[in-house]
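Dumping the structure here so I can ask a few things about it.
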Amino acid sequence: MATGIKDYAARSREIIREDPGVRESVTGATIAFDEKRRQGYAEVDADAWRRWAEGVKNHTLTHLDRYLAEAEEQLQANGAQVHWAADAAEAREIVTGLAVRHGVRSVVKGKSMVTEEIDLNPVLEAAGIEVFETDLGEYILQLLEEPPSHILGPALHKSLEQVQELFADRLDTARDGDPDTLARAAREVLRGAFIHADMGITGANFLVAETGTVALIENEGNIRLTTSLPRVHVAVVGIEKLLPRMTDLAGFLQLTARAATGQPIGCFVSLIQGPAADPGDDGPEEVHVVLVDNGRTDVLAHEHAWEALRCVRCGACLNACPVYRQTGGHAYGYVYSGPIGSVLDPGLLGLHEAMPLPFASSLCGACEDACPVRIPIPELLLEWRREAQEEGLTPWKERAALAGLASVATRPGLYRLAGKIGSRLGATGAARVLPMLGEWSKDRALPKPSPRTFRDLWREGIE
Amino acid sequence: MKVAFFVTCLADHYFADAAADAVRLLRHLGCEVSFPPDQTCCGQPAYNAGRTGEALRMAEHTLDVFGGQPDNPAGADAVVLPSGSCATMVKKFYPRLATSPGASAVRATALAERSWDLAEFIVRRLGVTRLGDGLAGRRIAVHQGCHALRELRLETEPATLLEGAGAEVVPWEAQEECCGFGGLFSVKMTAVSAAMADRKLETLPDVDWVVSGDGGCVLHLDGRSRARGDRVEFVHLATALWRGVNGDGGKTGAK
Amino acid sequence: MSVESRERILARVAKATASRAGLPHPGALVTPVTDDPEAAFVKRFTSSGGEVVEAGPGRERSAWLTRLLRGLDPEVVGVAVGPEVPPEFRPRLPEVAAAHAGAGISVAWAAVAESGSLILPSTGTRAVQLLPPVHVVWVPRGRVYGRLEDALRELRRNLSAGVGLHSGPSKSADIGRTVVTGVHGPGRCMAVVGSYAPTGTSET
């Protein structure tokens, strides 16, 4: 899988330097989301909710084979068809095959990370099928041919002015159109798409084993339309999305919304059991659920990283993350960005492919405090760093420097001597011998060593 | 109370005066302070980089120096560090590092239990919140290191002490946000790290001092602010508090 | 192909789960119970941008709803009405396709106070619930649950193919972080509480 991950350091620098509007938009949006999340948590016993959710997910993930089988059986009993995709290529083949078999000419899509992950749209388009992203943010990005920058607000790196310009060029709206006018113009285009589409494609927030329910959360209503109007609905679902029971949804629907936007629940929740069955129901004639592995079983098998599979894709960790806020998601070079991306991507893609993401964190811990399922993100980052060190995936200079530090720090005499030399060299002299200080001084003035160490002061006596 | 002072390598070499002020403070509060001379680095740089082997070697050296048993060679009731981050290393990460059963696990837990960040020690262990009123009229913004904030949960302690000495602690929009230091992070992802510092500096209210109990954060923030040409005065928490005791830290006092 | 993948994935999952101890399900999430679910629903639903209307004491629901729809801005001329709505709860306005209706009229299976949600089964028509700019929903009397979990426990036995929980108007903040309503679904969602009793049940 070709990703842009390895260029993280260069790309983040480029975004910060060349496109400062991104930092401004992303910082503003994520701080607003994060504040709403805090309010949303404060209204309930968030600690208890989060512990409960962690427990349900841990239970599910440690019994996942059982629940997958149960979900499949239930879905089939409901009249839905279940497909299994080991990797992205197979998932694409399944979905494209369904579209071709049904003579689909036009597809409407609900916002879905997993369909980004499997890179679905290009193959549908290559098959001559028109694809409409219907989430407003995703629609903006589809027009711009950009990948999403955030799990929840895919276009949050775009300013109002940028959308005004885009819509003026493409939808013929006024150059100074207000958000309401712009949204109405998009609605008009997409309303036509909903009515004419032959197939609706979504992801899933949860898949309930007990009832074979695909649960989807949203605010715009586009997912309800996507799952209701076209004659075929395809839900592409990661195998970690399982929940045991219908009643488990109560906590998860509410907690996910609170973590994501502070809302008590999404404006629209779709609970899809299968194809339309009742006389008045105008829902789809066929419902297909594609269960996707694509690296998830590798994550599940990992001693530590399996905990990242608890993720409900709420985006709370991105919103809380001061690293993510500087660049948005594009710097990370893969669909899952920010803190969760940095612990999930090494598991999904292989650590080598995901370097240097485990190091794209100051380990400040804000993500873990925000996470609704209590994924210990800083600890998992450290685990990946340990593996990266063991596998020799880090620069040799860095390893040599740390080995040097350990040698000096375990020999007090040598340590004192080094300290003495350091303070004599002063700031610029130290920069010459310590390679890392060269990097440091790219963006900062050099630190000034104390003229005399504390050790000297202690020896002379502290009054 | 007998206190073994763990100066930490950054404070030893970059904040020597602040570390001396920490010793003055502890003595002022009635502590008998010792300085085990063989102490070096706590090992956090290696730990955060994922170099577990090196981190463990440094941790074991520190356990040798400060002991882990009640009858430790330093003979102290408490180990105090003028650095929230290094205190977290000893208190939270040593026990995680030394998980293999055996002597070092026991020693790590014992040392963790009697180690304190300076502000934590003064407020939570000694129960002191008023240290003098030498900071009267002084406008201060507080930067909390992330480890102190989210691992040790020292959410109020530094501000409580500063306010107790008469300072006005001014709310800071980015108060609880990471400054972007993160040790190795600051040299590996230097552009993002600098942008994070900028966010702190851009939102900094009009204050006399920015006070922090974490040397690493200060080196980074100060380095960035000097590179930007800002004029921000960074003061280590130990120095600010000692000036509060000493009576020379106020607006009208000798500056 | 797909059969092989099924076996392969399940085998890999089984191997991974066998490598660690199974953890127990923590049971039900305990959330507060409310004494007055209807009042709590009104509060939550309106705070999410939903509107609550009461049909008043009269028995003429149909005339009342007609007046309500005519009085909206813009005035509702044609309506789309779900097949589940009994005659005495249908407005006296021309019925048109949902795509062209000024309002859609449905009956909820129940409402939920905790989340401020209307639970809409697909025994009705989904286009009615989604396409018109205004959605008016009759909430059956006595059918307001306090907790979402209790509602879902009951719903489990009454599941239709595609259930929708509607908890306010359609909205988005994807453009310039400004909240706009009626993006794809209804821009107004109105719940009528306290007066709907389906045919065959007694009215008091």
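Details
By written order: A, B and C. Residues from 1 in each chain.
Note that a contact is a pair of C-beta atoms (placed from the backbone, for glycine too) under 8 Å apart; a residue touches a chain by one contact, two chains touch by 3 or more.
Keep in mind it's a predicted model, so treat the numbers as computed, not measured.
Viewed as a network of touching protein chains, the structure reduces to a simple linear path.
Ranked by separation of Cα centres from chain B, the top chain is C. Averaging Cα coordinates per chain places chain A and chain B 33 Å apart. Computed centre separation for the pair chain B/chain C is 53 angstrom, with centres defined by C-alpha atoms. Between chain A and chain C, the centres computed from C-alpha atoms are 29 Å apart. Only residues 7, 9, 11-17, 19-20, 23-24, 35, 37-41, 43, 45-55, 57-58, 61, 146-147, 150-151, 176-178, 180-182, 184-197, 199, 219-220, 222-224, 226-227 of chain B touch chain A when the two sit together in their complex. Of all residues in chain C, those touching chain A in their complex are 1-2, 5-6, 8-10, 12-17, 19-26, 28-31, 44, 48-49, 82-84, 99, 114-117, 121-127, 129-131, 147-149, 151-153, 155-156, 159-178, 180, 182-186. On chain A, the positions that touch chain B within their shared complex are 8-9, 12-13, 16-17, 23, 27, 322-323, 325-327, 331, 356, 358-366, 368-369, 382, 384-389, 394, 398-399, 402-403, 405-406, 408-410, 412, 415, 419, 422-423, 436-437, 439-440, 442-450, 452-458, 462-463.
Chain A contributes residues 28-29, 32, 44, 48-49, 51-53, 55-56, 58-59, 61-65, 68-69, 78, 83-86, 90, 94, 134-137, 140, 153-156, 159-160, 163, 178-180, 182-183, 186-187, 190-191, 194-195, 210-211, 213, 219-222, 224-225, 227-229, 239, 244, 246-247, 249-251, 253-254, 263-283, 287, 291, 293, 297, 300-301, 306 to its touches with chain C in the complex.
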